[in-house]
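Presented below are the structures under discussion, each in the form of C-alpha cells.
One chain, subunit A, appears in both complexes that follow, with subunit B as partner in the first and subunit C in the second.
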Partner chain A sequence: MIKTPAFFIDMQICTGCKTCMVACKDKNDLDSGLRWRRVYEFSGGDWVKADDGTFTQDVFAYYISMGCNHCQDPACVEACPSCAMHRNESGIVLIDSKKCVGCRYCEWACPYSAPQFDYANGIMTKCDFCQSQIQEGREPCCVEACPTHALLFGDYDELIALHGKKAIIAPLPPPEITCPNLVIAPPKQAKSTENTNGLIQNPEEVKDE
Partner chain B sequence: MHVKNGIVVRVETDHTQEDALGIQQIRACLRGRGIRKWIYSPERLLYPMKRIGKRGEGKFARITWNQAFDLIASKLKTIIDQYGNEAIYRNYGTGNLGGVVSHHNQIEKLMNVLGGKLNYHNSYSTAQIFQAMTYLYGKNNTGNYISDIVNSKLVVLFGNNTAETRMSGGGTIRDLVLAKKDSKAKVIVIDPLYTDTAAGFADEWIPIKPGTDAALAAGLAHVLIMNDMVDIEFLNRYTLGYDKSTMPEDIPKGYSYKDYILGFGEDTTPKTPEWAAAITGIPAKRIVKLAYEIGSIKPVYVAQGWGPQRHANGEQTARAICMLPILTGNVGIKGGNSGDREASFGIDWPGISVGENPIKTSIPCFLWTKAIENPTDFTALNSGLRGKKHLEVPIKFMWCFASNALINQHSDINHTHEILQDESKCEMIVLIENVMSTSAKYADILLPGTSSFEERDLAYQGYAVEMGALMIREKAIEPMGECRTLFDICAGIARKMGKEKDFSNGLDHDQWVEEMYHQCRKIKPQLPEDFSKALEKGLYKWPRSGKSFVGLASFRKNPEKYPLNTPSGKIEIFSRLLWQMAQTWQLPEGDSIRALPEYTSSWGIPGKKDAVLYPLQLVGHHFKQRTHSTYGNNEWLNEASPQTLWINSLDATPRGIEHGDLVKVFNDIGATLVRAKVTPRIMPGVMSLPQGAWYKPDKEGIDQGGCINTLTSQRPSPIAKGNPQHTNLVQVVKEKQTHD
Partner chain C sequence: MNNLSLIIFTLFIQTSVGIFATTLFNIWINKKEMLDIPLIILSTCLGLIILGLISAMAHLGNPRNAPHAVSNITHSWLSREIVTINLFSVSLVLLWIVTFADFQKGLFLIETVSLILGIVTILTMSRVYRLKIVPVWNSIATPMDFFGTALLTGSLASAVLNGVISDMVYEPSLTLFIFSCLGLCLKIAAIFLTLSLQHRSKNLFWYTSLRNKNKAHLFTYVFRAGLYITGVALFAAPNMGLTNQASICLLISFCVILIIEIWNRFCFYNSFARLGL
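For the complex of A and B:
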C-alpha cells in the first residue's frame, strides 16, 4: 500500500478530453450534477487588430483535471460540524454518510470544489480515491482511464522526488492552504496563481448551479 | 463491460496490456466511457414502428417485425417494377463503422441480391481533399506517420485537431504525444481556433480566417520564390507546371505556378505577403517569417487535417497547402510530409463480400437531396454524376443505417425537411437505429437495431492509429426489447423477397462472425484456430513495423521507375485534367475550377456583398462531446462538454453578449439558439458551433439545439461536389441573459 496516495498530472500531455471525469461518473454511478472529478479550462490573452485588418494575440489555454486532492490539512474536515468528513489512516479523505447532515460547509471550505452535494439524498459525496480498487493494488479509475497517460497515481513524496513541483499554478489556490496531495508537471503556458489575465472559461461545466 | 443481472454496470477498457509507441493501450475516450448512457438511453428504440404523423413529427405506431418486413418488401417490389433498381439508395452514414458483420455492407449485399441500387462516391469527411489529392499526386494517403515528427526540424499543421478527432488511447493523439516527447521540432498550428491540439502541443498558434489557407500558401510561396528558397532540382525532376520549363507545350504562356505567384498570370496580381495578409488576417511580417522558417531548414513536416478542405473552395485549399512541401522538396523524405493528412498504419482485414452491383451509376453522397428533388437536372457535367451522362430516375426509396445524415448532418435542414415532406417524391425511408435520433423522426419504417454491446462481432483497428488490431467481441448483454442485428433485419427482408439463401449463404449472424474470423486467420495465421479461444482473449494487436513510414518514398527515390498515377506520372502542380474540366463542366456563377492550386475566393467567404448582413464566418469544429452526432443525447457527455457557440469577446461585447447568454445565430438559410462561450480561443470575425448537436425545432421551427446545419448550404464545392459545411456567413444576436 502506498504511504501517502497522491495524484500526478503531466499537464504537458493533458488534452482536456474529460475522459477521467466521465470514467469516474461511470464507475461511481453519478447522476448529472455530481462531479467527483472536474476539468477546468483556464484561458486568457488579448487580441490586437492592426490598421490593415490583421490580428496579433498572446492567447494561452490549458486544462486542469481536479478530483479530490486528499489534502494533508483538509479544509473540509476542519469545516465539518458533524465529524462526517475525516481523513483515514491511509491518507484518504472520506465522508461518513450516516453522520453527514448535508449542511454543505465542507463544500464552501474546500478550495478545489471537491465535495459535491447530492440533492436527491441531501448529503455530501466525494471522490474516495477508488479506495477499494487501490487496495487491490490497482490505480484509481480516472488514472486507468486517461488516454494519454497524463494523469498518474503514486506516493506523494516519491512523486515530489521525481518531479519536484508543487501545485502552484493558476487557477489553483496556493497549496499552503490545505497541503494537497497533488503534484503537477506544469504546461508550457503555465501561469502563476496571481495571474489576473486568465479566466476559468467553463464555469458551467465545473460549478454547481 | 461489467455486467450484473444482465445489465451493464460499469465500463473499463484496455489499461493492462503493454504500452509503448506502436503498441499502445487502446484506452477509450470519454464517449466510450459514457456508453452506458447510450445503451440505456430513454430514447432507445425497442420495437419496430411505422410512421403515423408527418415526417419529422416523431409520431409512430408499434408494428411487428413480420409487418415491417412485409411493408418494406412490398414497397421494394413496387419501386423496382415502376422505376427500376436505380431508384433505390442507401444514404451515407458512419454511426456504426466498427462492426464487420454489423456493417452497412449488409444492405449493399441485400440490394445486390435484389438487382442492385444507386451508388454514391465521396464522403462527408473528405470529399474535397480526396479528389484534390488524386489530381495532384494521383492518389490519396500520401503522408508520413505523425510519429515521423521525431525526424523533423519544423512541424506545420493546418487544422488537424487530433486531440478531438482521434482522441482515444489508440488514436493519433497518443502517437503525437509520444512522438512529441522525442521530437525537437517546433510545432506551429494554423487554425481559426486555438484547438485542444494547438493549446496542448503547439509552440505557436497562427490564427487564420476560415477558407483562406490557399491565400496564405500563395503568400508564403511568393517569399520562397523571391528569396531563392525553392528546391528547383526537385521541382524540375518531380513536378509538372512550376515554371515554363515543365509546362505542357500546348498551354498558353502565363499559366505556370510561378506566373500565378509572381503576378504574370491571368489576374496580374503578385501574391505578396501583404496581399495574403489582407485575405487571411495574418500580419505580413508573420507570413514572411513563416516562409523563412519553412524555407531555411529541412526536413519540414507540413500536414493538414480535414477541416481546411470542408469549404466551398476546399479542393483548392487542399492542393495549395501541399505546395509548401513541394516547393521546398520535403515530399517523400524522412521527417517531411506531402502536405496531406498524416498516414496511419493498418492491417488490411477482410470485409463481408457484397457481390456485384449491376448498376454503375453513382452520385456524390452530398447530392442525394438533389437526386430526390431535381433529378432531371442532375448530370455528369453539373453534378459530378458518374456512370451516366444524366440521372434517369429520382431516388424513390432510401435505406438509412446508423445514419443521421437524413436531416441532422446534411446541410440546410430547413430545405431537407421541405423535400422530405413531399411523400410523393421519396416514397419510402427505412431507417435502422439504436435511438430516436433526429433523422429517425423522418423514417417511414423505423427499425430498432442492436447496439454493439448486444451482438457478437469483430472490429478492426481504425485508421487513426499506427497499429494493427483485431477485436473479437462477445455480446455483453441480450438485445434490448425486440432489437435485431442488421444481418437479421436484412435476412428477414430477403426471405420476404424469396432470396434468403442468396443473402445469407446459409449462415446466421454468429456463424458469419466466425466465418469472418477465419478469413482474418488467412492474414494472421498465428491467430488460434479455435474461435472460442480467440473470443475469450478478445483483443490482438500488431505493432507497425519499426521503421517510420514515409509516403511517396519510392517515387522520390526513383520517379522514372515508380511514377505517380497522374497523367504525367509526376506531381501535377498544373493539372491538365482540371484544365479540361474547367472548360467542360457547368458551374454556377462564382464557382471556378482552376488547373493550378490557386486561391479562389468563394461565396461564404467575407469580401462579398452579403457580408454586410452576415458579417461573421461560422465553422463547426469536431467536438469531444460527440462523434459527429452520435451520443448527442448522452447526459454525462453533455454535462462534461455542453454545446456552446465559440465567440471572441471582440465580437461578443459590441453585441452585448456575455458568456453563458442564450444567443440566436442566423442567416438566410435558418436560425438556431445556443449559449455563448465567450473565449479568446477563436479569431475575431469567426465563430464556431461544434458540428453534430441534435436539431430540436420548437413550434415555430426554430432550432433550440445549436445545430449548425440549420445554417449550412446545400450548394456543393466545384470539383468534388462535396459538403462545404465550414463555409458560412451569419449574424448573431443576444436572445436573453443567462439567468432570467
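For the complex of A and C:
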C-alpha cells in the first residue's frame, strides 16, 4: 500500500483532452453537475513594450487537471462540523455520507473545489482516490484513462524524489494553505501565482456557478 | 448556494442577541432596582432564535443528520457556533423561567452569563466566515459587521418592544440611541473596510465572474452607508427632542434599518470569492 497517495501532473504533455474528467464521471456514475475531476483551461497574455519601442506578445495557455489532492492539512476536514469529512489511515480524505449534513461549509473552505454538492441527495461528494481500484492494485480511473500519461499516481515522497518539488503556478492557490499531496511538472510558459493577466477560460465547464 | 436561509439565520440570531444585550444594559443603567427583563422581550429573543434555527435547518441539504453537526467542536467553527447559539438559547429559557416565577435570587448572574454567551455567539458566528481563502471575509470587517447588526437592529427592536409594552407610546431612551450610534459606526466602518478589501483583492481570482464580483462599486457602498445614517437619524430625532412623533419615527427607522440590513447581508454573501480554483 502506498504510504502517502498523491497525484502527479505533467503539464508539459497534458493536451487538455478531458479524458480524466470523463473517466471519473463514468466510473463514479456522477450526475451532470458533479465534477470530481475538472480540467481548467488557463490562458492570458499581453503586449510587452521593449526598450527599442517595439512590441512583442507574451500569450500563454495551458491546462491543469484537478481533483481532490487529499491534502496533509485539509481545510475541508477542519471546517466540517459533523466529522463527515475525515482522513483515513492511508491519508485519503473521505466523506461519511451517514454523517454529512449538507451544510456545504467544506465547499467554501477548499481552495481546489474538491467537495461537490449532490443536489439529488443533499450531501457533499468528492474524489475517493478510487479506493476500490487501489485495493485491487490498480490506479485511479483518471490516471488509467489519461492517454498521454500526463496524470500519474504514486507515493508523494517518491514523486517528489523523482520530479522535484516544483514551484506552484497559477491558477493554483498557495500550497501552504492546505499542503496538498500534489506534484506538478509545470509547462515552459507557466505563470507564477502573482500573475494577474491570466484567466480560467472555461468556467462553465468546471464551476457550479 | 441558498443564501436567503443564511441571511435570515444570521440576522435573526444577531438581532436576538442585540435586543437582549441592549435591553439589559438599558435596565442596568436606568433602572438599577428592577433587574428583570420584560417577558415579552425575552419571548421575542427566543422566538427569533427559533425562527433563525428553523431557517438554518432549511439551508442544510440533509437536516436528518443535524445532530452530528456538533461533533467537530475541537476544530470546526461551525460546530462551535451551533453550540454557543444553543447555550445562549438555554440561558434565555432559564432567564424566562426565573423571570416568570418572579425569582429575584440569581437573576443578575443568569443575565450576566446570558450576555457573555450572546457576545460569544456573535464572535463564533463571525469566526465561521473568517476563512483563510476568502480574503474579503477574512478580516476584522466581519465581526464589526455582525456586532454592528446586533447593536443597531437590536437597539431599534428593543425600542419598538418598549413602545409595545408602554401601550404603543415610545419613551425616548438615550441608552438605546447610544447603542444604535455605536452599531452605526461599526456598520459604516465595516462597509468601507469591505470596499477597500474588495478593491485590493480583485486581481487574486482566476474566474472572470469572481473578478467582476470583486469590482467594488463605490456608489452601492455609499448608498448603503447613507441609508444606515438615514435610519439612525430618524431614530435620533425623537431622542434629541426634534419631534413629538416618536413612535412613527421609530417605526420608520426600524423598517429602513431592517430593509438595509437584509440588502447588506445579501451583499455580504454575494461578495464570496475564494482563492484558488
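Brief remarks follow.
Simple rule for what comes next: the second predicted complex is superposed on the first by the 197 of 209 C-alpha atoms of A that agree within 3 Å, B and C clash if a C-alpha of one lies under 4 Å from a C-alpha of the other, contacts with A are read in each partner's own complex, and residues count from 1 in each chain.
The definition used in the following text is that a contact is a pair of C-beta atoms (placed from the backbone, for glycine too) under 8 Å apart; a residue touches a chain by one contact, two chains touch by 3 or more.
This structure is a prediction, so every number in the text was calculated from the model and none was measured.
Clash-free side-by-side placement of subunit B and subunit C is the outcome of superposition onto subunit A. Look at A:Ile123: by the touch rule set out above, it reaches subunit C but stays clear of subunit B.
In the superposed model, the angle subtended at the C-alpha centre of subunit A by the C-alpha centres of subunit B and subunit C comes to 130 degrees, rounded to the nearest 10. Contacts of A:Thr56 after superposition: subunit B is touched, whereas subunit C is not reached.
By the document's definition of touching, of the two partners only subunit C reaches A:Ser113; subunit B does not.
After overlaying the two complexes on the shared chain, residue contacts for A:Glu205 are found with subunit B alone; subunit C is out of touch. Within the superposed three-chain model, A:Cys83 lies in touch with subunit C and out of touch with subunit B [touch as defined at top]. Here the smallest spacing between CA atoms of subunit B and those of subunit C, following superposition, is 8 Å. Contacts of subunit A with subunit B, set against its contacts with subunit C after fitting on chain A, overlap at residues 203. Of all residues in subunit A, only 38, 40, 42, 66, 75, 77-84, 98-105, 108-113, 117-119, 121-124, 170-174, 177, 196, 198-200, 203, 206-207, 209 touch subunit C in the complex they form.
Residues 9-13, 15, 19, 27-30, 33-34, 36, 163-164, 167-169, 171, 173-174, 177, 181, 194, 196-197, 199-200, 203, 205, 207, 274, 277-278, 280-284, 286, 624, 635-637, 639-642, 648, 650, 659-660, 675, 677, 679-681, 683-684 of subunit B are the ones that touch subunit A when the two sit in their complex.
Those residues of subunit A that touch subunit B in the shared complex are 12-19, 21-23, 25-27, 29, 32-33, 35, 39, 43-47, 49-50, 52-57, 59-63, 139, 144-149, 187-189, 201-205.
Across the complex, subunit A is touched by residues 1, 59-63, 65-66, 68-72, 75-79, 82, 128, 131-134, 203, 206-209, 211, 272, 274-277 of subunit C.
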